[in-house]
Amino acid sequence: MTQPYAHILRVRYSETDQMGIVYHARYLDWFEVARTELIRSHGVNYRKLEEDQGLLLPVVDVALKYRQPARYDDEIALYARVQEAGAVRLIFAYEIRRLADDLLLVEGTTGHLWVNRDWKPIRIDRSSPELYRFLQQLEQAGKVEGS
Amino acid sequence: MTQPYAHILRVRYSETDQMGIVYHARYLDWFEVARTELIRSHGVNYRKLEEDQGLLLPVVDVALKYRQPARYDDEIALYARVQEAGAVRLIFAYEIRRLADDLLLVEGTTGHLWVNRDWKPIRIDRSSPELYRFLQQLEQAGKVEGS
Amino acid sequence: MTQPYAHILRVRYSETDQMGIVYHARYLDWFEVARTELIRSHGVNYRKLEEDQGLLLPVVDVALKYRQPARYDDEIALYARVQEAGAVRLIFAYEIRRLADDLLLVEGTTGHLWVNRDWKPIRIDRSSPELYRFLQQLEQAGKVEGS
Amino acid sequence: MTQPYAHILRVRYSETDQMGIVYHARYLDWFEVARTELIRSHGVNYRKLEEDQGLLLPVVDVALKYRQPARYDDEIALYARVQEAGAVRLIFAYEIRRLADDLLLVEGTTGHLWVNRDWKPIRIDRSSPELYRFLQQLEQAGKVEGS
């Protein structure tokens, strides 16, 4: 991925397991951080989407490949981009790299559906002009940044 | 504690840290399990309290003493009792023991307030006869089981 | 899956998120529980593999599909089987169902490599007769139980 | 607390529970982050203490008071100081505040013992001149920054 967006964090003790590495499920927590920050970088606050518009973006599938383990106190760079920004479904792609040497640790994707508070799927179209514009922006960013 | 109530669980890999022991914050998750099961043993479903009555029981303080570490795959006995069951405030006391040899690992307390969905403190009195009875039952159980 | 092996657990409060459902990363913790118990059901203690033989079985990839959300206090049935039991690589497949009505909530797979304490890949062959037999047993079980 | 040391983080989705607030055990993860960063600010890398010197600093007791809940996406300021820096035992004190308005959310302490890899208590004295100096520095910082 060559996109400009990245978020830096440091591995917490609580994220390790007795193998001495980051527990494999914790990378999904980091994907969520990367996703939130990517969305924020496009001028949209995911918290407000939930609170004000009653929109949720639950995860419907994930895939991860673990290349190298992250360890306690490592500084980590999270990279995220939009792979697909449809009216119904969103796919984000991620890379997690060790900051010190840019070593690829984990890569993966998460698929999402837009749903409302009653957990019914929602279609984002021109009737929600602000979100529609946001999606188009995400899609465009994905095209530019991806490949 | 000599009370009859106990719940058994087995330590998960995800609960360990790189020290090779259970991460110290995880015991609070187990206290919550013990509390839920203790409440259930008195015929009250905490989930329904939240869903049907809009009552929440947030934690307002905790204290823990760590005696010995729990390790992956250990079978653990959680003991819980009610230390104080007031109309406004509840205190639970816990012991976490290794099942194999009854070794005391962790002990502690959690204090709670009854609040409503708007996070306003609630007083449980005779106007909620069912809950009031539940509290009296908890208080009585604490007296019998404690000491 | 029609295999006999299953493990039951109850959803903890700490496993929920503000969407009111189990946070999507937590299912990987449960996959780990299911895997440990499946291995135990074949007479092998994973903890002892690590401690006595210095063998680790880190996760190298995962895939999950989320069908329906699990909720606090739900009783959950974890089903696990071996999909592939090679000398170098193991793949486990999982289903997570709501106990009350057998509703499929989540399904997925995890891929693993055998490595030693120095994180070097290990081949399990006839030179480790006990483990070799275990793998053959797992593979056989997968064939019988799968499909 | 009026000490200069603080670390900023943002609440993750994975740290919330179905009450819509940060799950109460997660503050202990943040205390650990604050502790690591406070130690680093005194020129000591806790990871290296573990790796190079075989020194561990397990938690032996904790106490927390929950004043106000933190919520998803809140920016949080973690304050930490050393309350007691003995040769055998260390106590850290913490405050967690909402960055936007400095509202106190949670305060607490954690007590620690120095132990070696075999889990035997260690006394830090002049025979370990570097660590001894570090402890004196921590103690001095506590005196200046505390009260």
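By written order: A, B, C and D. Residues from 1 in each chain.
Quick note on the criterion: contacts are C-beta pairs under 8 Å (C-beta built on N, C-alpha and C of every residue); 3 or more make two chains touch, one makes a residue touch a chain.
The structure displayed is predicted, hence computed values, not measured ones.
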Between the pairs A-B and B-D, the one where more C-beta pairs touch:
B-D
Can you check how far apart chain B and chain D are, centre to centre, with Cα atoms defining each centre and the answer in Å?
26
Measure off the straight-line distance from the CA centroid of chain A to the CA centroid of chain D, and report it in whole Å.
29
Take the average of all CA coordinates in chain A, do the same for chain B, and state the distance between these two points in whole angstrom.
35
Residues of chain C that touch two or more other chains sit at 13-14, 18-19, 21, 25, 28-29, 72
Could you draw the chains as nodes, link the ones that touch, and say if you get a line, ring, star, complete or other?
complete
Of all residues in chain A, which touch chain C in the complex?
18-19, 21, 24-26, 28-29, 50, 56, 58-66, 69, 119
Of chain D, residues touching chain C in the complex
13-14, 16-21, 23, 25, 72
The answer for chain D against chain A in the complex is residues 10, 12-14, 28-29, 32-33, 36, 45-47, 72-73
